[in-house]
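Below is the structure I would like to discuss, written out as structure tokens.
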Amino acid sequence: NKLWGGRFEKSVTDCVEKFSESVSFDKVLYKQDIIGSRAHATMLAHQGLMSESDRDAILRGLDEIQTQIEDDRFVWRTDREDVHMNIEAALTDLIGEPAKKLHTARSRNDQVVTDLRLWCRDAIHQMNACIKKLQVALVKLAMQNEGLIVPGYTHLQRAQPVLLQHLLLAYVEQLERDSGRLIDCSVRLNFCPLGACALAGTGLPIDRFMTAEALGFTSPMANSIDAVSDRDFVLELLSVNSIIAMHLSRIGEEWVLWASEEFGFLIPSDAVSTGSSIMPQKKNPDPMELVRGKSARVVGDLMTLLVLCKGLPQAYNRDLQEDKEPLFDSVNTVIGMLDVTAEFAENITFNKERILQALPAGHLDATTLADYLVKKDIPFRTAHDIVGKSVALCLSKNCQLLDLTLTELRDLNPVFGEDVYEFLGVEKCVNKFSSYGSTGSDCVAKQLFQWTSKLDIESNNKN
Amino acid sequence: NKLWGGRFEKSVTDCVEKFSESVSFDKVLYKQDIIGSRAHATMLAHQGLMSESDRDAILRGLDEIQTQIEDDRFVWRTDREDVHMNIEAALTDLIGEPAKKLHTARSRNDQVVTDLRLWCRDAIHQMNACIKKLQVALVKLAMQNEGLIVPGYTHLQRAQPVLLQHLLLAYVEQLERDSGRLIDCSVRLNFCPLGACALAGTGLPIDRFMTAEALGFTSPMANSIDAVSDRDFVLELLSVNSIIAMHLSRIGEEWVLWASEEFGFLIPSDAVSTGSSIMPQKKNPDPMELVRGKSARVVGDLMTLLVLCKGLPQAYNRDLQEDKEPLFDSVNTVIGMLDVTAEFAENITFNKERILQALPAGHLDATTLADYLVKKDIPFRTAHDIVGKSVALCLSKNCQLLDLTLTELRDLNPVFGEDVYEFLGVEKCVNKFSSYGSTGSDCVAKQLFQWTSKLDIESNNKN
Amino acid sequence: NKLWGGRFEKSVTDCVEKFSESVSFDKVLYKQDIIGSRAHATMLAHQGLMSESDRDAILRGLDEIQTQIEDDRFVWRTDREDVHMNIEAALTDLIGEPAKKLHTARSRNDQVVTDLRLWCRDAIHQMNACIKKLQVALVKLAMQNEGLIVPGYTHLQRAQPVLLQHLLLAYVEQLERDSGRLIDCSVRLNFCPLGACALAGTGLPIDRFMTAEALGFTSPMANSIDAVSDRDFVLELLSVNSIIAMHLSRIGEEWVLWASEEFGFLIPSDAVSTGSSIMPQKKNPDPMELVRGKSARVVGDLMTLLVLCKGLPQAYNRDLQEDKEPLFDSVNTVIGMLDVTAEFAENITFNKERILQALPAGHLDATTLADYLVKKDIPFRTAHDIVGKSVALCLSKNCQLLDLTLTELRDLNPVFGEDVYEFLGVEKCVNKFSSYGSTGSDCVAKQLFQWTSKLDIESNNKN
Amino acid sequence: NKLWGGRFEKSVTDCVEKFSESVSFDKVLYKQDIIGSRAHATMLAHQGLMSESDRDAILRGLDEIQTQIEDDRFVWRTDREDVHMNIEAALTDLIGEPAKKLHTARSRNDQVVTDLRLWCRDAIHQMNACIKKLQVALVKLAMQNEGLIVPGYTHLQRAQPVLLQHLLLAYVEQLERDSGRLIDCSVRLNFCPLGACALAGTGLPIDRFMTAEALGFTSPMANSIDAVSDRDFVLELLSVNSIIAMHLSRIGEEWVLWASEEFGFLIPSDAVSTGSSIMPQKKNPDPMELVRGKSARVVGDLMTLLVLCKGLPQAYNRDLQEDKEPLFDSVNTVIGMLDVTAEFAENITFNKERILQALPAGHLDATTLADYLVKKDIPFRTAHDIVGKSVALCLSKNCQLLDLTLTELRDLNPVFGEDVYEFLGVEKCVNKFSSYGSTGSDCVAKQLFQWTSKLDIESNNKN
């Protein structure tokens, strides 16, 4: 019989039971639920709301149930609705009367949100480890490719030459901010709702500071209605995840492009590629396509939670049961995306020959040439125009800027001197960059050094 | 070994295999996959691309596999990636060489999208049945509550009196349009991609019209690249589902409101209510809260698919593997929502006493009073103003419009006559409505008659 | 003073007035609002609810107001809230008393949704014209590039050779389904809410069939509560737009890729390219990047409307005022995207030389080679494996399949004969395709013929 | 002529110009753009890249332009594309040659994202002030309603009695976390991209630390590619806004409910209500409906940006131009929502009489009764069952718990004593609450005190 059945004469229909059960997915909270119950029982006993022997029976019973669950011997029952009722009812089956005291000064409303905050805290911890792992993989990839110049793109059109290291460290920077967002979220969510009960608190002499401390929370939440009403911590986490997923989708897009025949810059190993059921020659970079694709569900999960919470009155509404699946899916998906991106990074090589051969195209040195003119006191806007015309000349001659003769250049503007050739060609061009954060070799070396330190990577370890 | 392994030297890593497998969720397509393979093999044999004995072996093998799956004896293998490879490889294990001919002139690209279209067609059929079931439940509920007047609301403020039947039929109208959208979608998606192969078609002498017909499609799709590239039929279905879910969320909101102590208009039976783990007196209309809440995931699923498809180049990209879970989730959720709403409708009673007692509040007859003045040749805008002042008078006296004396009314405007009282009070007011589609008793009776005919409900059957 | 002010003693605050006004954006409905009022006044007079002279005064006044608006002489007033009140109050200023009769048997609730349906019907008409224009541009582009073979991609990896025409017609197919969705939507929305009044209809003797017919609607809506409550027609239109936008985002992605230095297949003219403020050599395919980017807001608009409608009780709630801006933005954005894509299509050339030079890479003929083996009675799965090994051999020798000697091939399988070379190389390969809807020249020519007929393009007109 | 026109022979078409211009909306960045240019020019002069007289001409010119803009005398030109080009070109028109030096070592790529970060920083500052204003309004409302008990709800069913103050402070808590999220966002975004130029930095001797400091940034961003590529700060802000909007939508829902005839707890003044064009008696709480509704567009804006950024390669893509309108709309909408909610809070009264009259219904004291039994050593689960049966008895007798006689209670369980009546009835019940954060009077008074201190509200000032 339902644990809340006192005033009811009839059970819910099968259709309703099936539609409204949550144990099929919220059972993953079992560990947090048991930890929470342990802290709660301990506090109840300390406050005289339960005898020590009842407490001990409960603690032993919870241990036994946890073991059963982890040994896959526990029978989850849909008619017991959710993880909380399943564990409490099983505890009653196991130890009898004392179990009936466990729900003193507690409601599922505060219980579930305590479980959920604990789960999110753990999830954030795990995600941050995955982010660090991916950062390490990217930094190591950078270390393995010292000096490799690649085209930098804007609008997917060739723009300026950059060090591959510089590009890889851009990803690392973005992931670092993602990590910061996760940490902010974990700090903000680390307040304890337990003891808010249904929504109003209780008149029983509980000690919320004791349970909060036992569960590692900063302190109890200050308003019991707020405690059971709000899911902003889930929304914040799903928002942060959406940004991470967006970042990874961009790496996915870039690496899929680079692995194409047309770019040909990146070669994934067989270990991270798949083939075609019909086309025998195919070798596809599927993991990064899936990383790009799976960003969609992370965004969808966020959308779900925003729609869910919109316009709900305060305190618990059953709609909120729907907060869990998107949360679990989002976290699990992002962890998978981070892991597989790291694995991919560890299994690719850059095709240096192909890259080198590709570099002359696209007039990557045009902006450096304009800077040359600026150094000769030509206003930048005028310099831009002169170089624009130089490029037009190259296009008509089908040549590179460094192929233009000094005479040709001087026809465009007399300020050009022999020294102009020091600014042309991709390697010379990269060497010119010197501003803080730029792609100049020294600048990038400094950034790389900071990341190897921060991430604890030994600098002679390039693998 | 992977079926596409010819050119590969190394298997994918465990991490990649786990991340990229789809069999854990696409196995629900097994029936469509087998039907598709049967049609394909039959056509291949007819076209001389396979012997009749090979075809027969394949058909028998597929039968055996289907039985195994439905008896839960089939071993789904993650290393075989997806439902297609699992079935083909199992077929090879079972019947040997002939199985190797099944994938002739076929790719997983056209195969999966054929399966998916078949699945959607079935899903739409099922959803339409659920819609009809809910419409029947609503119409029967209307039949059981003939003559019951309830307040009609705008801005959640009392507006005008309406027949409860009229409100219930508004839901029925909305569901009917939902059904129309589903049908349009099923007509548009019913074209066969099979034979588009990887993306370009084939040079083998297949007959796409034969397979299309065997599978109940209108005809083959006309462009092989389009056939394997597009998922607009999934997007259309998820859009239609989002609109259905939105409609149901509104019924959910309304019934949750009406079941509150404050409204008190609707009493759900114990069979569709649940209690509280802490508050012994609670009886909550959880199913309709969940209906409202679950609309969120249906919207989230649509969002997922829109983000997924955005910016993908033509033809198959692995991202598209992610189209299935949102599709399955959306359809299953909407079916559950429709079913439980019907069940709820069958398990509620309207509290006539409470409704009757509530009707006088809110000056529901004010607009009818203005119409009275219009009939006396007062321009509507002036009539509106006069009645506004009458209401202000009622507020100051804390009375209803029909409590005002003729003298009081004539002080506001001399046109008022004794006949004004024929227009005041909720019942008289409802009786006045006469325009097509209005809440007047005759109008509603006509609408109800049309729905009982259309839905095949016997008119003397009110239960 | 507010037209609804009778019972109010105080005006709303400036902050509230500014927050809640809608005239700044709903004034674009002026034409529909005036058409609707004309039909309504005509009906009122016909039904004896207004004199003919009042009707004539109203019709003349509305003409004058329309002229003022179109000459930009009309003063829109925020304190008059919305387009409806602005026009009605201006009419009263203009013609006095008769104007006060216009709102007889009408509410802003049915008025706004009538305007909106009329606006959507017009918008769909316009969008369908834009779709056709784009289809024509794509078909003409196809006509100009007869016989041009390009690599077909899956996973952005080279897959099989396809005719460029075939790819362009894939876009045309997708747009055709988009057009079908728009038409379905316009048919479903074409029912008239006018006369539903606030939510309950009216007791005044109006003729809803007369106004419905005058406004070109199929018939009046059958349920007055439904008429003012639902915005599913807006949601349906925004869903259809999201699918169109998704399709265009994919063309955008593909053309941006093709315009890159690395692909180099597509050259946009200066007329549809932009430059860089700093990099003088840049020429960017901005319009197609923006097309890709603007798909985002179309999706965002749909999400806005879904969130908006979720969980609203029946009949008008003020939330619904927020339906307009996303609708207008979505329609205007999609029209802009369609137009600019057509303009882009008219301003690009394909770089045949570059494409031809690129074709040998990627073993595009591998699948055709497998089909060759199938014709020699090798089971496809075995054929796939043999060709996979052939490709591996090519990779090790850094050559193409057609460079393998017959001896080398026979070492892999003795079934290879001299005739194998008829199946190798991109041109021969394309010629082999023969299945319905495939990229074979004849198949594509047939498709192209059908489109030129359907779209009324003269076949000798390739420009 | 376009400032980037050097290599171009032809202008863009009108259609493309209109489609791709951004000045119509990005002109709101003028102030940030000018501040940025001032800092940049000053730095260039300091570094010797520009003469002091050129710098002074530029600074004076920018002053003049700012004045023109603010006096509405500036002519914004669509053919000059965006706010940056408009200002730079106008500066050239105004001061000639020196203006051509301003774009030295700068690209629109770093310029726009610098402007945008400055704009977001200002916006966050302003939003935080609005949040505080709303918190103050809510706390004052609480101060004005000391001791007022209202029903607390879960599932919109009456649950337990709570102090209205407690409910209002729940909103204040939620807003406080919103404010914390805004602050975290502003700290994280406060790094300067200026000097990243197109994507690679520059070889000219600029000082990025100088400009960063001048503009109030913490420091320059460390990676130039990251600096121009990422919009995560916009996404974070839009996510935070979505959570704020969600919170406000819930207040909106609750206050709309409470203003209904059925609840009748809350009376908005005329100053924040609107009427109906047809129903003379209506007084609608429109501002809070619109607050609820406008949450939708804030969510839509976030979705737009997530879709926009998904799958973009690194560095600037023109898609990113679409980041601005959703950002501006989201911020402006949230500010409007916060302001109008504060205004509404200042213009409502709670209907104490009606509330008092409503309190007995719903057995709000049932849980307190269960706690009574717990204090008598009945296990909670048993106590829950006993009270459930007591409520069933009340339902059958149509009475309240405190109407049950001691005999009746003892029939259910002999442990009931005379002291039970100390726990029944709403007032006694509220007095019993004592746990931290509960709705007990002392607990709430402490919370209220903390908020008045934190928000600097004088405690004797209740208005």
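Which chain is which? They are A, B, C and D, in the order written, and residues in each are numbered from 1.
By our rule, a residue touches a chain if its C-beta (ideal position, glycine included) is under 8 Å from a C-beta of that chain, and two chains touch if they have at least 3 such contacts.
For clarity, every value in this text was computed on a predicted model and none was experimentally measured.
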item	value
Joint neighbours of subunit C and subunit A, given as chain labels	B, D
Rigid-body rotation angle, subunit B and subunit A, from Cα fit (steps of 5°)	180
Subunit B and subunit D, separation of their C-alpha mean positions in angstrom	33
Whole-Å separation of chain centres (CA-atom averages), subunit B against subunit C	24
Per-residue multi-chain contacts in subunit A, two or more chains	3-8, 103, 109, 153-156, 159-160, 197-198, 257, 275-284, 286, 289, 292, 295-296, 299, 302-303, 306-307, 310-311, 317-318, 367, 384-385, 387-388, 391
Of subunit B, residues touching subunit A in the complex	2-13, 15-16, 18-20, 81, 84-85, 103, 106-109, 197-198, 269-284, 286-287, 289-290, 292-297, 299-308, 317-322, 325-326, 336, 339-340, 343-344, 347
Residues on subunit B engaged by subunit D in the complex (per definition of touch)	151, 153-160, 256-257, 259-264, 275-286, 289, 303, 306-307, 310-311, 358, 361-363, 366-367, 369-370, 384-388, 390-391
Residues of subunit A touching subunit D in the complex	3-8, 49, 92, 97-105, 109, 152-156, 159-162, 166-167, 169-170, 173-174, 177-178, 180-181, 184, 188, 195-206, 208-209, 220-230, 232, 235-236, 239-240, 242-243, 246-247, 249-250, 252-254, 257, 292, 295-296, 299, 302-303, 306-307, 309-318, 367-368, 371, 374-375, 379-382, 384-389, 391-392, 395, 432-440, 443, 447, 450
